[in-house]
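Lettered A, B, C, D and E in written order, each chain numbered from 1.
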Amino acid sequence: MIQFAGIALILIGIYGLMTTKHMIKLIIALNVMELGANIFIISIGFVAHGLAPIYTADLPNQAFSFVDPLPQAMVLTAIVIGFGVSALGLVVAQNIYKKHGTYDLSEIGGEE
Amino acid sequence: MMTMIILFMIASILFAYVLSLKEPKWGAYATLIVSLAGLVGVSLLRGSVGETVSFYYLHFTVTTIGWYFSMILLTVYFTATFFHPFWMDQLIYPAAYNALFLLSLAGTVGLFFAQDLMTLFICWETAVWSSMLIVQQGKSRQAAWVYFVMSAIGSMATLFAILLTIFMSGTTMITDAFIYFMGSPALGGLVFGAFILSGLTKMGIFPFHVWLPLAHGSAPHTFSPVLSGGLVKMGAYIAYLSVAVFPAYQVFGDQLMLQGVPLPIYALMLLGGVSIVYGTLRAIQQDDAKRLLAYSSVANGGYILIGILMLDQMAFAGGLMHVLNHAVASAAAFLAMAAVAKRTGTTKMSELGGMIHRMPVTYVVYLIAIISMAGIPPMGGFVSKWLIFQGLSHRGLIFLATAAAFGSIGSYLYVFRPLSAVFLGQLAPKYEKIKEADPLMLIGMLLLTAMSLLLGIVPNVVLRTIAQIQIELGIDPIMIKGTITATQNGSVNMLSVFTVFGFGFLLILILFLVLPKSRRVGLMDTYTSAEFIHTPELLHYGHHFYAPFERLYEKWPSVLPLYQRLSLKLKEMGEWAETFFFHAEPNRAVFWMVLLVILITVGGAR
Amino acid sequence: MMGSIIWLIALPLLAAFVSVVAQTYQYGLLVVTLLMNLLVLFAAPQGLTIIGGYEPPFGISLLFDQYALIALLLIQVLLLLIIVLARPLAKNYTPVILVMLAGLNGMLLTNDLFNLFVMIEIVSIAAFILSTANGKLTHTFHYLILATVSGVFFLLGTVLVYAYTGILVVQGLMMRLASLPVALSLIPMMLLIFGMAVELKLVPVSSWAKNIYGQANLLTGPIFAAVLAPAFGFVFGRMMNEVIVLHSLTGYTLLVMAISTFVLGELAAYRQTDLLKTLAFSSIGQSGLAVMMFTLGAPWAGILLLINNALAKSILYGVATGVTAAYGNASMGVLKGVFYHHRLLGVAFSLASLSLVGIPLFLGFFAKVSAVMAIFSTGLIWVPVIILLTAIVEGAYVMRWLLQLWSPAFEGYLASKKELPQKRNVFSAQQILVVGVLAVILFTMGLMPQRFVDALQKTQPAMAQYEMVGQGEQQ
Amino acid sequence: MSILLVLEWIVGIVLIIGAVACVVTENIWAAIVRLSLLSMLAVVAFALMRAPDVALTEAVIGSGLVTFVFVVAIKKMLPKENENEETR
Amino acid sequence: MKKLVSLFLILVLAFFLTTALDQGLDFWHSPSQLDAFRMSNAFVQNDVLGEGGALVFGESKNLESGSANIVTSIVVDYRSFDTLGEITVLFLSALGVGLLMGSGVRTTLRSGFILKTAAKMVAPLMLLTGIYIFTHGHLTPGGGFPGGSMMATAFLLHYFGSDTVKSNLKPLKWIESTAGALYILLGLAGLFVAGSFLQNFLPTGTLGHLVSAGIIPLVYVLVGLKVGSEVSGIVADFSKTEVVS
């Protein structure tokens, strides 16, 4: 189910990107999309009855398996990159707002 | 020898540039000396046919036809350089002019000696862009631009043909590569059509002629003769290559034959015929002498194309000879106009008149040139047109023969117009004080005049070379014997023709001298309805020169609007693309991306 | 050790981190880093450099081969010259440029798909920040949104590649992917392609480039057109060579995208009356051409096109933005005849535009020839026809600009009657020297096409395999 | 096990509903708050997927810092009526 | 209209994309074991160099990576280069935010009594937690990123909570710069000592001990410091207001 949620979040994010012209909402849609991508990536490494990939003192003695740690490592990176991009996007949007007084791209029009 | 010439050309370009930076006049003299040296150098190559030289990635070989063409070009360039010292102050970038002039000279000569296809194309394009940058130093940017675009249409088609040839045949040598298409007619047709296109655009054959009047009309006056007499002849060489070296008649062997000419070649010839008629008719209409001569170049390009495409004993020889005749005649005519323009500052016929009183030598130069251009007997132009006409009527190509005849008659109309409007008639008061052209200019012009005359008297000097070209190609050579030029339909002895005309001329001259002199009347020395005329231009000789014809031109179709509409269409498409795909909105781009993603996922799901 | 290729990434990063606190020496650090990078480039041996001590496919490694060498050399040299050219502007963005340099080098060197994603993101973010220097933030925002969306696509593609093959190493990944059924490999390939499409300026998503390129200044114009564009082109070439398996569906979609980018870009450029906008659309079009070459499996032609375009565009943008800044406007009327005052710049500009159009005696001609020849060997004869027809349009607008910029005379009059803008100071002697150096590089490369022609001859049999498009179908 | 599965379904469905609500709403503040909640839900999802590292990071960065940055960025811009109450 | 079209497209895409992905990923049946072809198997087993064996917590010694948290060993050891890139991304966006927020001064966020008090009490606690998280990154979930961010939050609480203390942001820059430079120098040390960049050149100790896993804890400390300072920088920059001119 979580995989579907991931894909759905990506698509909902894209829907937001296609429909809104409000800069903050565009960034929010972008965040939703990234969140969906992260969830989807994690779900790729999921193993039924898998354990979190950490060796601890109380691991079961019988055969067990970890979930795939590599997608988790990737998502870790992706989250941080997403934060960086969001922050940059917000600061750009904020500066546009300072200049034009609105967050709506359609009201600003082409900045020639 | 070849290597020396190449190195000399490269060094001289730099030399001329640096010299012109210092003092433009010196650079102008340098171009004169360099082109003379080039002329001498290339003329010495006559004996070394077959010699090959590789310079870097360029490969050259000496061929008879190449020698013939480059001699023509060098003559034209050389005579034009006599005018250079007097025009340097009219140019914005004289140094660039001199360097580019020599660069285009090098490009054209390289083209004629090219051994492989890449060299051919490189030299071709070098000549094109360098001459384009010269044309822009004249009166019009638009003209230079149109010149480049039309040339680009041709050169891109040729590039396509060349690359396809190299790819298919695996060799770049012109002769070896083109033989490949003997075996594949379908591809051969494509290559032939694409390859000859640059020749057509360069010669100004009918739908591609738009650049000629513009570029010739507004190029610097010293460069118009080179454009018309020289660079346009590069197109003739391409036509030669695509019919004689490219086995066109064999490739189209299984096509429908019309009087022994395959349909595609016949179609091209028809285009040539259309150019003759169209160029002639438009030339009659022009007011600017240079534009008029440009349209006459369109018509003469038609003759040359038809002649070369015939690839037979007579018309082919005529076509090749007409290259020379027209080059010499049109260069002389343009130079005469340049001389007039130098003194008066205009080439508009309606503003000139009576120049014969002030510039008699220039008048003679122009007279001889137009006689040759119109193909009136004692001059060179007659011989070549006669040969072409012979060839056409021998094959029974009635339509083309009619067109050729029409062009000849029409040319009387248009060459006479500048003659009477510029040189004859009454001298405008403001030109009372002008002088004959500078002696140095006269030398250049008279050289060409002498050549025109000589070609008329003893055409066999040239026809001997042409006969050798024909022998090398394996077709029946034109028959020459002493001063007699013979074809299957008859023969002509130009020396006797000249003698007859010479006697006639002498007779008229004696009559002219003996009979009482006519009284000179000033332009304003007249009245009508007892009123003095205050608008002299209405009484001008050149004003409404062909008034009876002018109504014919009212609804004359022009090709230029078609190209303008095409350009506009391209811009509209660009605008369309901009609104749809380059719209400054993230939503739309994301929308397109989603659409493509859907396309692929749905496509992949089937 | 000292000659390890890793210095190309470590050094700029180190310099970037240091430069934040050592603000007085920032610019010097940038120059020194670039010079040292050039040294490293010549000293480093070619081959695989592993990072962290783990061999591929497990660890990340750097692949330094001839292809990477060409790309890296081009980028270091151009960036060095550009920052000298745009020194006053570059000073404000030194750390960003340093990080971007590290990202570019990493992007071109890395042998790991996910690392490539990270590097692409670094370069993209650096590009966002640089593009704010234009002062038109809505366009930056537009670019940011599109690039981030495509970044997410690339990430998803990478992860799917990992899910299906279990590895991320770039070199030879194509083999693994080609052995997958089409139904599996289609989606990741599509995502990877769309992940690069925004940076490659392919048509439906190239709208950002119009304004980012079209309102560039002396720093951003050359950097975007001459450094970022070829870098992404080279990365795409690497991907096409090593990773992306083209099925007929993705292949033809990509081909159509590339062709329409080329055609529509040039058509849009044809109608522009603003010099920078013209150059912007020309960049879009040229990028489409290079992508076309890589798609059709003719990397050599693609490389030549990228090199030519990078060198030409660095000059064109350098001069155009400089002149625009000095004369206040990039419109045709304002800039008419400016080269009358600035002849050296004019000569460099002319050289670059002649080369861009692909006129003989210049590098662009050989690039175009090799492109067309390469396409012939794929059997798609109609593609060269489109390329050459579009080349006419391209030549037309470039020449129109060239004529306009050179000639101060009134239309219809001789030179004596001039219509000239007041002379303004465009470049200092040092900047003119830089433009001159770029022009000399471009010109000398055009004089030495022998090796390129040779390579062209050599690539002919190698590219004889009929269709690169649709190769995935064979399994 | 089945509890986890049920939880998974619930989290998934709520995620989708929340995302739709977040994207569709016209109110920016609501959108930001919903994005934050969505992040918290994603943390749960990550935990369910046995990714504690990611969950922790997402909790701190995704739902904490991103929201904070959003709020700070917008509050500074849209506060005209809010500020009136407090400062003036 | 536009929304309807978009909705339609998204629904179509949803259907076909899920179908296409389902073919490869098999959404309804998660594998009971990691696919053998995935390279993560080697990471899990610490078996990349081919010297692995059975791993026992608290006993296995001198493993190639030696971190109990495998995600950590991937992030900081096997694929440490990605992490370098990642902190560079943060560095860049901090730079960008700083550049765009250019001429501003500290904000005057209204900090009420509650915030002030909370700041005083919670901030040190959060700081400690943050430090704990990134020093134990190789043993427990977490690591440099959440740890650093938590530290940043603590710092920011302090920053916003006090209106008397004009906090100076300069030290942040120094921390950021030094941590970043040290990370690269550590990598270069790996290059000189062990032969490749970012190589784990210290002894890796026993699985599960605090002092183990070679350079991993060191790197995570550096990452934590750098991320913390960068994030604080970003947020502090955000909360600047413009100088009224």
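Going forward, contacts are C-beta pairs under 8 Å (C-beta built on N, C-alpha and C of every residue); 3 or more make two chains touch, one makes a residue touch a chain.
On a predicted model such as this, the values are computed, not experimentally measured, just so you know.
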{"item": "Count of contact steps on the shortest path from chain B to chain D", "value": "2"}
{"item": "If a chain touches chain A and chain C alike, it appears here", "value": "B, E"}
{"item": "Taking each chain's C-alpha mean as its centre, the one farthest from chain D", "value": "B"}
{"item": "D-E or A-E - the one linked by more C-beta pairs in contact", "value": "A-E"}
{"item": "Chain closest to the middle, measuring from C-alpha centroids that were averaged per chain", "value": "C"}
{"item": "Far-end chain from chain C, centres as C-alpha averages", "value": "B"}
{"item": "Centre-of-Cα separation between chain E and chain C, whole angstrom", "value": "32"}
{"item": "Centre distance in Å when chain B and chain C are each reduced to the mean of their C-alpha atoms", "value": "42"}
{"item": "Distance between the centres, which are taken as Cα means, of chain E and chain B, whole angstrom", "value": "74"}
{"item": "CA centroid of chain C to CA centroid of chain D, Å", "value": "39"}
{"item": "Residues within chain E bordering two or more other chains", "value": "6, 9-10, 13, 17, 20-21, 25, 38-40, 43, 69, 71, 79, 82, 85-86, 89, 92-93, 96, 100, 141, 143, 145, 234, 238"}
{"item": "Shared-contact residues (touching 2 or more other chains) in chain B", "value": "584-586, 590-591, 594-595, 597, 601, 604"}
{"item": "Multi-partner residues of chain A (at least 2 other chains)", "value": "4, 8, 12, 14-15, 17-20, 26, 44-46, 50, 52-54, 66-67, 70, 72, 74, 76-77, 79-81, 83-85, 87-88, 90-95, 98, 105, 110"}
{"item": "Pairs of chains found to touch, sorted by chain label", "value": "A-B, A-C, A-D, A-E, B-C, B-E, C-E, D-E"}
{"item": "Residue ranges of chain A in contact with chain D within the complex", "value": "1-2, 4-5, 8-9, 12-13, 15-16, 20, 22, 24-25, 27-29, 31-32, 35-36, 38-39, 42-43, 45-46, 50-54, 66-67, 72, 75-76, 79-80, 82-83, 86-87, 90-91, 93-94, 97-98, 103"}
{"item": "Residue ranges of chain A touching chain C (in the complex, touch as defined)", "value": "10, 14, 17, 23, 26, 30, 33-34, 37, 40-41, 44, 70-71, 74, 77-78, 81, 84-85, 88-89, 92-93, 95-96, 99, 105, 108, 110-112"}
{"item": "Residue ranges of chain A in contact with chain B within the complex", "value": "14, 17-21, 26, 105-106, 110"}
{"item": "Residues on chain C engaged by chain E in the complex (per definition of touch)", "value": "1, 4, 6, 10, 13-14, 16-18, 20-21, 49-55, 57-60, 92-93, 95-96, 99, 102-103, 106, 112, 114-115, 118-119, 121-122, 125-126, 128-129, 132, 160, 162-168, 183-184, 186-187"}
{"item": "Chain D residues touching chain A - in the complex, by the definition given at the top", "value": "8-9, 11-13, 15-16, 19-20, 22-23, 28, 31-32, 35, 38-39, 42, 45-46, 48-54, 57-58, 61-62, 65-66, 69-70, 73-74, 76-77"}
